[in-house]
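Listed below are the structures to be examined.
Each of the next two complexes has chain A plus one more chain, namely chain B in the first and chain C in the second.
Right, the complex of A and B next:
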């Protein structure tokens, strides 16, 4: 029998949501401060309204103090799924009032895209956008990539941390407690923030000739988008704006760091380099990256898109790394990317769909699942070749030797299959609106795998239903299905339960 | 009589030609017979490779003066180049721009580059379109040799929206009041 959630369940969810929204309100003081320093009074007013709404809703939720603050599995998942709906809805207020969006839906599209670290954008006249609003767009990458809920875990203790942690699609605890793991994740981010902004800022000043203020503005924006594998950029021509391989190289290092799991960061920090390179996940992502780079290079060479090997290598390598890490920066215009057909298109689409490492800011199927699925298939083939009665067992190395159980293999394959279905849904809707198969598939994978590369489908004039479909794909893809299914189950139980 | 008929026919042909020219979809702002709209350039970037072209638009972003005596910036050829959204311009989609490189001395003394509350200088640039330039590992950009400033840059005013500001202040006041009352009731318990 399906049990309807009790009043106490709702109180638990409301209270946890209230706390998280209060923390988001505090984080939103940063763009407000930016607007104040820059005397950008129009955005200032809209930031004030956004913060006020976050704060009121936060305080309202916290009025429902439950008897126990301990969240069970379903509470945590529901809280996470709702957080990822409410925060973009309210977070889009400054964009709505900026005038740079055709409708509130467009503004929310960009907020969802920012928070899920996708990078698809419907902003118009980006090159005249207020710096504080640009900062807010990129800060959304940072908040979403590092995990809003994880930020909340760092700041307040309380039961149910584990379920919130898993709800944001993180499946490895690095340190014994979730709170210390969350602290580690934010420490890694802050460390990279300082180093990344410094390096990019110096390059911006020394190599690109920007004044110091502008150099650090660009470096901060690009850091947020690169390390959190987001893909927004402060100028309309993305990374192509900088015309510098030195700047691109520094950005690539940050993209790789962003696509790495925090477990890998921890192992590298402890000096366990051997274990990292032995990991199934590291080997899988290296293999798939080489395959997709190879495919793209051959595809570009066949079409003769670049006259010389230097151009093909630089441009091809950057776009594939951007796709595989889930970042979404590009150094070529979308109209040119749309012309990449055949193997080049295949390489890019595959790279986007496969994604980065598990428990990283990247999206997509994730390398660990790809590696596990490949191992499971190999085991099945081996089993067929063995004599009757013999059992093929498979082990893999991921920070220690582990056995690949049928349940684990099934789980990896199920999630991979769900991603394929998600990609097909988006492509199907676009095709129904008359877009070509290739562009529909490319854009859909980009949205579902939180990448952000575009071949031109994402545009303010695209149909509203397609915008909603991509938003749904970004939301579900970022949360990796579980939290969304939990929310749907919770809602169903509320309606039909007894 | 025959001459008169011929002149009528000629007049009709001229009128049809003029009407046909007017019916051609509008090009980017300021585009004339000698300028190439950037949208067209991007659409067929390969075809223009190595050609000397003239483009017109607003300089936006930054002026990056590099050690090798060049200056890099971006030229936008879209509706916002003349009237940005902040200035009350209509929303017409994303920006349309290309990277441009010019000798540093050409870029010296230009008005502030376009950005927030700033319309950058409106310029007409002539140069060679380099598509996937092998000397710069595949970059595409306009290698500028001459520049004409069509319109100087200008500042744009944007004040606060007082209604939004008042609602924001009211909401924050409400949140602080709710927090104070919640804390007081917790302390009483």
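Right, the complex of A and C next:
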């Protein structure tokens, strides 16, 4: 029998949600300060409206103090899933009033894309967007990538932190407590922020001829988008705007850092690099990356897109790294990317779908699951070759020797299958609107795997239903299904439960 | 005269080790990109030679 959630359940959810929205209200003071310093009074007013709404809703939720603050599994998941709907809805207010979006739906599309670290954009005339609004777009990457909920965990160590943590698709507890793990995640981010902005800023000043103010602005925006594997950029031509291999190289280092799991960051931080390079996940991502690079290079060479080694390596390597890490920066226009057919398309699509490491800001199936699924298939084949009655057992190394259990293999394969279904849903809707199979599939994988590369489908003129489909894909793909299923189950129990 | 207190973290004996390790993290990340780029360059050379 399905049990209808009680009033106390709703109080628990409302209270936790209230806390998180209050944190977002505080974080939103940053773009407000930026608008104040830049004397951008129009965005200032819309930021004020947004912060007010976050604060009022947050405080309203906190009025419902429950008897116990301890969240159980379903509460945590529902809170996370709702957070990722409410924050984009309110966070889109400054964009709605900016005059750079065709409709409120377009503004919310970009907010969802920013928060889920996807990077697909419907903004119009981006090159003339107010700097404070551009800052807010990129800050959304940072908030979503580092985890709004993670921030809440650092500040409020109340009970149930673990379920909130898992709800944001993170499954590594690096340190004994969730709070200390959350603190570590933010320490890594801040450290990379300082180093990344410094390096990109110096390159911008020395190699691109930017003045220090402009160099700092661009380096900060690109850092947010690269380290959080987002893909927004302050210019409409993405990374192609800079025309600098030095800038591209520094960005690639940040993209790799962003696609690395925080467990890997922790191991490198502690000097246990031996374990990192022995891990199944590291070996899987290296293998799949080189395979997708090979496929893309062959495809590009066959079509004659690049005839020289330097051009093929620079363009192909950057695009594949951007796709595999789930970032979505590009150094070629979307029209040119759309012409990458055959194996080049296959390599890019595969790279996007496979994604980065688990518990990183990258999306997609994730390398650990790919590695586990490959091991499970190999075990099945081994089992067939063994004499009757013998049982094949497989072990793998991931920060220690572990046994591949049937449950683990099944879980990895189920999530991989769900991602494939998610990619097909988006592609199906686009095909129904008359888009070609290749472009429909490319854009759908890009949305579902939180990548953000586009072959031109994502455009303000595309059908509203397709925009909604991509928003759904970004939301579900970023939360890796579980939190969304929990929210649907909670809603169903509310309606049909007894 | 009141002498300002030296922040506690500056007394930590392992601070130098921490800074070195953190610096090494960036070296590893850069080395990974360089290594992958070198392999990609080799793949590109083979692909263009064959194609």
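Keep in mind that, in the parts below, the second predicted complex is superposed on the first by the 498 of 498 C-alpha atoms of A that agree within 3 Å, B and C clash if a C-alpha of one lies under 4 Å from a C-alpha of the other, contacts with A are read in each partner's own complex, and residues count from 1 in each chain.
Keep in mind that, in the parts below, a residue touches a chain if its C-beta (ideal position, glycine included) is under 8 Å from a C-beta of that chain, and two chains touch if they have at least 3 such contacts.
Quick caveat: nothing in here was measured; it's all calculated off a predicted structure.
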Go through the superposed model and pick first if A:494 touches only chain B, second if only chain C, both, or neither. neither
Count the residues of chain A touched by chain B and by chain C, then name the partner with the higher count. B
Identify the partner contact of A:307: answer first if only chain B is touched, second if only chain C is, both if each is, neither if none is. both
Is A:212 touching anything from chain B or chain C once the two structures are fitted on A? First, second, both or neither. neither
Could you look at A:59 and tell me whether it touches chain B, chain C, both or neither (first, second, both, neither)? first
Which of the two partners, first being chain B and second being chain C, lies in contact with A:243: first, second, both, or neither? first
A:293 in the overlay: touching chain B, chain C, both, or neither? Say first, second, both or neither. second
Could you give the residue numbers on chain A that contact chain B in one complex and chain C in the other? 307-308, 312-313
For the complex, give me every residue of chain A touching chain B. 25, 40-42, 44-53, 55-56, 58-60, 62-63, 97, 99-102, 121, 123-131, 207-210, 214, 218, 235-237, 240-241, 243, 245, 305-308, 310-315, 331-333, 335-336, 459-461
Chain C contact footprint on chain A (complex, rising order): 191, 195, 249, 252-253, 256-257, 260, 265, 268-271, 273, 286, 289-290, 293-294, 297-298, 301-302, 307-309, 312-313, 316-317, 321
Touching residues (chain side chain C, partner chain A) in the complex: 21-22, 24-26, 28-30, 32-33, 36-37, 39-41, 43-45, 47-48, 51
Using the touch rule from the top, collect the residues of chain B that touch chain A in their complex. 42-43, 45, 60-67, 71-72, 74, 76, 78, 80, 84-86, 89, 91-95, 97-99, 101, 114-118, 132-134, 136-141, 158-162, 164-165, 167-172, 174-176, 178-179, 182
